[in-house]
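Dropping a structure here in structure tokens format, bear with me for questions.
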Amino acid sequence: MPGPRTIPFDYPAPGAGPAVALPGAGTPWLDALRADARGLSANGLPGTRMEAWKYTSLAPLAELDFSPPPAHEAEASESADPFDAVAGPCAVFVNGRFSAARSRLDSLPAGLRVTGLAQALADDPAGVEGLIGGTGALNGEPLAAFNAAFAADGCIVETAEGVEIEEPLRLRFAASPGVAPLAWHPRVVVRLGAGSRLTLVEGHDGPAGAATWSNPLADIALGGDATLSHVKLQVEGPDAYHTALTRAALAGGARYESHLLALGARLARHEIHVRLEGEGAACWLGGGYMARGSQHVDNTTVIDHAVPNCESREVYKGVLDDTARGVFQGKIIVRKDAQKTDGHQLNRTLLLSRKAEIDTKPELEIYADDVKCSHGATAGEPEAEQLFYLRSRGLDHRTALALIVEGFMCDMMEEVPHEGVRAVLIERVAAWIDGGGCP
Amino acid sequence: MLTIENLHATVDGKPILNGLDLAVNAGEVHAVMGPNGSGKSTLAYVIAGREGYEVTAGSVTYRGADLLAMSIEERALSGVFLAFQYPVEIPGVGSATFLKTAVNAVRKHRGEKEYDAMEFLKLVKEKRTALGIDDGMMRRALNVGFSGGEKKRNEMLQMALLEPALAVLDETDSGLDIDALKVVASGINALRGPERSMLVITHYQRLLDHVVPDRVHVLAGGRIVRSGGRELALELEKSGYAGLGLEPSAAA
Amino acid sequence: MSAQHDAAQAVESYAGERYKYGFVTDVEADSAPPGLDHDTIRFISAKKGEPEWLLAWRIKAFERWLQMEDEEPTWAKLHYPPIDYQDACYYSAPKSDADRPKSLDEVDPELLKTYEKLGIPLQEQEMLAGVAVDAVFDSVSVATTFKDKLAEMGIIFCSISEAVKEHPALVQRYLGSVVPYSDNFFATLNSAVFTDGSFVYVPKGVRCPMELSTYFRINAANTGQFERTLIIADEGSYVSYLEGCTAPMRDENQLHAAVVELVALDDAEIKYSTVQNWYPGDAEGRGGIYNFVTKRGACRGANAKISWTQVETGSAITWKYPSCILQGDNSVGEFYSIAITNNRQQADTGTKMIHIGRNTRSRIVSKGIAAGRSDSTYRGLVRVQPKAEGARNHTQCDSLLIGDTCGAHTVPYIESRNPTARVEHEATTSKISEDQLFYCRQRGIEEEDAVALIVNGFCREVLQELPMEFAVEAQKLVAISLEGSVG
């Protein structure tokens, strides 16, 4: 028998009071799915003996008695919206529940549909089955099982074939913590029609205060030649836990771009799985992470080249200060027939403090011979030569360092397609360098 | 030595050679000239047997045998040498090691004794000095980091050592300055002999000032469109391919 | 291979047998029955006439191992049926002449073909194939001269069993000091049941004048499947040690779990080179050695250096991570590796570089070549501890795939806890280019030879780290290992 590989975890907390009814309860397929998922989640949280969780311990999470937020608190106050200045449609979730009053979804561009998941489950559960049904995808993904078992809300984003949506669609997940630790498990489904284009801006924010656990699961499917630019800014407060899994499946010629800036939470894990399923598909994964204090930030990605002639590019850069710990695990899989794969990956980390730590595991798993694949990783403090150069021009050490860090990170942000969104991210990087950036 | 009849060849399904005829006797040097895209390099690769160059019709007879039926290395062992336009880099493989392996493969095939390290070093030294190749180059990995001129001289060194019966020189003059050109040309001339034939593929006639051909052929649209003596090359230089009514576009 | 080698090996075989039968124990039997319990451990220890402390150590290891039932590593990218550890034999006397092949005529012709390609002399072929041969006595002097010369310089080079008797203080001080008895499933098993291996001690300031090789080792014959090697380089000393052989060795034991410990004190340097070519199984993967090795070196002193070079072409399963613990300031660790897998072979190999001291440096060059239906994995760890000020690591991992039915994988772990450290990792995966093959073939080199030539070029950075004599053979081995992989 293998030893304990999971952390026992009672969720919802035994003393959490009467369970809040989940939407769509009574629908047979949904009840069955939730029961199965609950069975899996009862195994507990993934432990560090699981290879995928080697460097990230969820033990602190298990020490808290999380319960689902009561429905009526959805309209409570929350932190400031980081993308306030960005116009366009916006779906707002407070503590994981859709808030119609705060959302702007009245005049959606033609060809774009955004539906609240709870609403959809209430109105047309059969129509949702194809989007979130089936537990097959949960095996080996312990936190996805929690999401499937307990998701109370979320949203479904769909585009019609061939439409190009100019304005970014925002999904804002705001936290409004109460006295007791609260957890939510939003489920997001994105379906892009063939040839369509969309920019999706996902924000996670929250104030300092009581502990929260946000465990979002996003399933993305891109039709042939569709393009999704997916921007994510994560700036929750210092007592928050954030464990996100994003899964994207790409048809032929589709392109998925992920741009992440991770600044918040006590512990954050951003896991992205991309599966290139059609020839000519391409993905770009760009990630920036900045952590200080005792923050822990984990980026785990899997890019799966299932068919020939696909391309993937991945660059993750991070800055770690104080006793912060960063984790990067990036795997590229090239399946047996995926000839002519072109896959490259890079992870670079600047360590600003004596006690900061980075654990990096770039991984290649290759079963086809006619491929070009590489990865690289570097870790260390900013180069002395760069610092010397700047100081010889009259900058003090602090300013010179700030300039180097900013250049290092903003480099990444330049890839973000929407100007207004990009400006917000760059501003956040600058604020972080000045000692802020998060609540 | 070499007889090519009605040769048709395609690359990626695209016809490049369209009924090429050519005969080279022992001891002769023939120049093949032509505009870009006329099929010069394709002819060289078909003779050497490169994969992806598909012969769809015609024949190539080399010393009475069907050349097209032979594998790449069989052709090489029986004396067909291709001096590459762009010699490939092979990291980690020392130039000297490579040369020795190739020379001994050929000697073994001919039933001659393989050289040991000392004999071989002596032989190489003699040949390379004539080509102005220093020892340092021999110790570097094959073609890795070589300049254009070094690569071409290295090709000539290999030809000198392998002593082929038929040498196909694919744009050996490209990328050479005038001094290097002279060195290479004298290397070629040193190898001319009654038993050795050469096919000199070139875009310009300047190499032919130094390596005087017995025959000159103009290749266009995948066929030999004109043949003549040395004067044909001079005529080409004066009037260009256009002067012969052979615009590259017309040729394609 | 020189005649000297032949002679020495013949002698060592003879001496080994005599040695085995030469000391008296109260145990009558020559072999322990299959299975592993406290009595097996006591039997082995008694057979070898070991002191009490060593038996106690073995027992401690065995008891720990019993608790490790669910700790047999599963993280490597290796697939093999469960091993029944109670089914194996943990001590057996060398085979009697009657059981061995009488002559080379009785030996697998495939094996002989390989020997021929490697240019191994006839007599040595017989040794390797386990043919019963008479030792050539007039060569005793060769080994004696060799031993005398080392002894003059104070260098101890003997079997570990002999060292336990002759130099117990040294053994007791260092055995298990780099790889503790509780280190991992296989090392713990080895600690409990190891049968023999080499022991080397190089005193202060001495530069060992020759490559120490298992060929020369007295009592080398039948060191068995649980080999234990301990090498200590005292302050300012240098030693180069060669392990293994390019020729495929016949071996009765499918399971191998060796442990090698290296200790380098201040300013000392140990260079450890391995060529591993055990039986890989047939083309369908039947048979073949399972090779689970724990190799680790500790740079205990300042400016110490440990360099591992390995050419791994054999075994059905290779699980091996020669590592360096860089404790001393300015100490240096190196790992140069070539791993070639063909047919159904699986190799999961790499290194660990643990930077503890200031200005410690490590370099990793790994070349993985996979052909046939094999899988080759590089797995490595570079860890920089908080006090490893100014540490440097550079890692280069290149994989080459031959054919589309094999796999090449790269799994590096990088853990950095010091901002002044600089850690760099690069990896590439590619195949032999058509252009390169065409160029070689146009020069008359056959396709298989061209592949060997190009692969040898790909491996050059590692091959040049091998001692000259080994390097030449290793190049041939690269070619032989890839036979049948193209065309």
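Each chain gets a letter, A, B and C, in the order it is written, and its residues are counted from 1.
Quick note on the criterion: contacts are C-beta pairs under 8 Å (C-beta built on N, C-alpha and C of every residue); 3 or more make two chains touch, one makes a residue touch a chain.
All values derive from a computational prediction rather than experimental measurement.
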Dominant interface by contact count, named by its two chains: A-C
Could you pull out the chain whose C-alpha mean position is farthest off from that of chain B? A
Taking the mean of the C-alpha atoms as each chain's centre, how many Å separate chain A from chain B? 58
Report the inter-chain centroid distance for chain B and chain C in whole angstrom, where each centroid is the mean of the CA atoms. 49
Using mean CA coordinates as chain centres, what's the gap between chain A and chain C in Å? 45
Which residues of chain C touch chain B in their complex? 433-436, 438-447, 449, 453-454, 456-461
Residue numbers on chain C that touch chain A, as the complex places them: 70-71, 74-75, 386, 399, 401-431
Mind pulling up the chain A residues that touch chain C in the complex? 1-3, 51, 336-337, 339, 349, 351-381
Mind listing the chain B positions that touch chain C in their complex? 48-52, 71-73, 75-77, 81-82, 84, 87-88, 90-94, 97-98, 101-102, 105-106, 109, 141-142, 158, 162
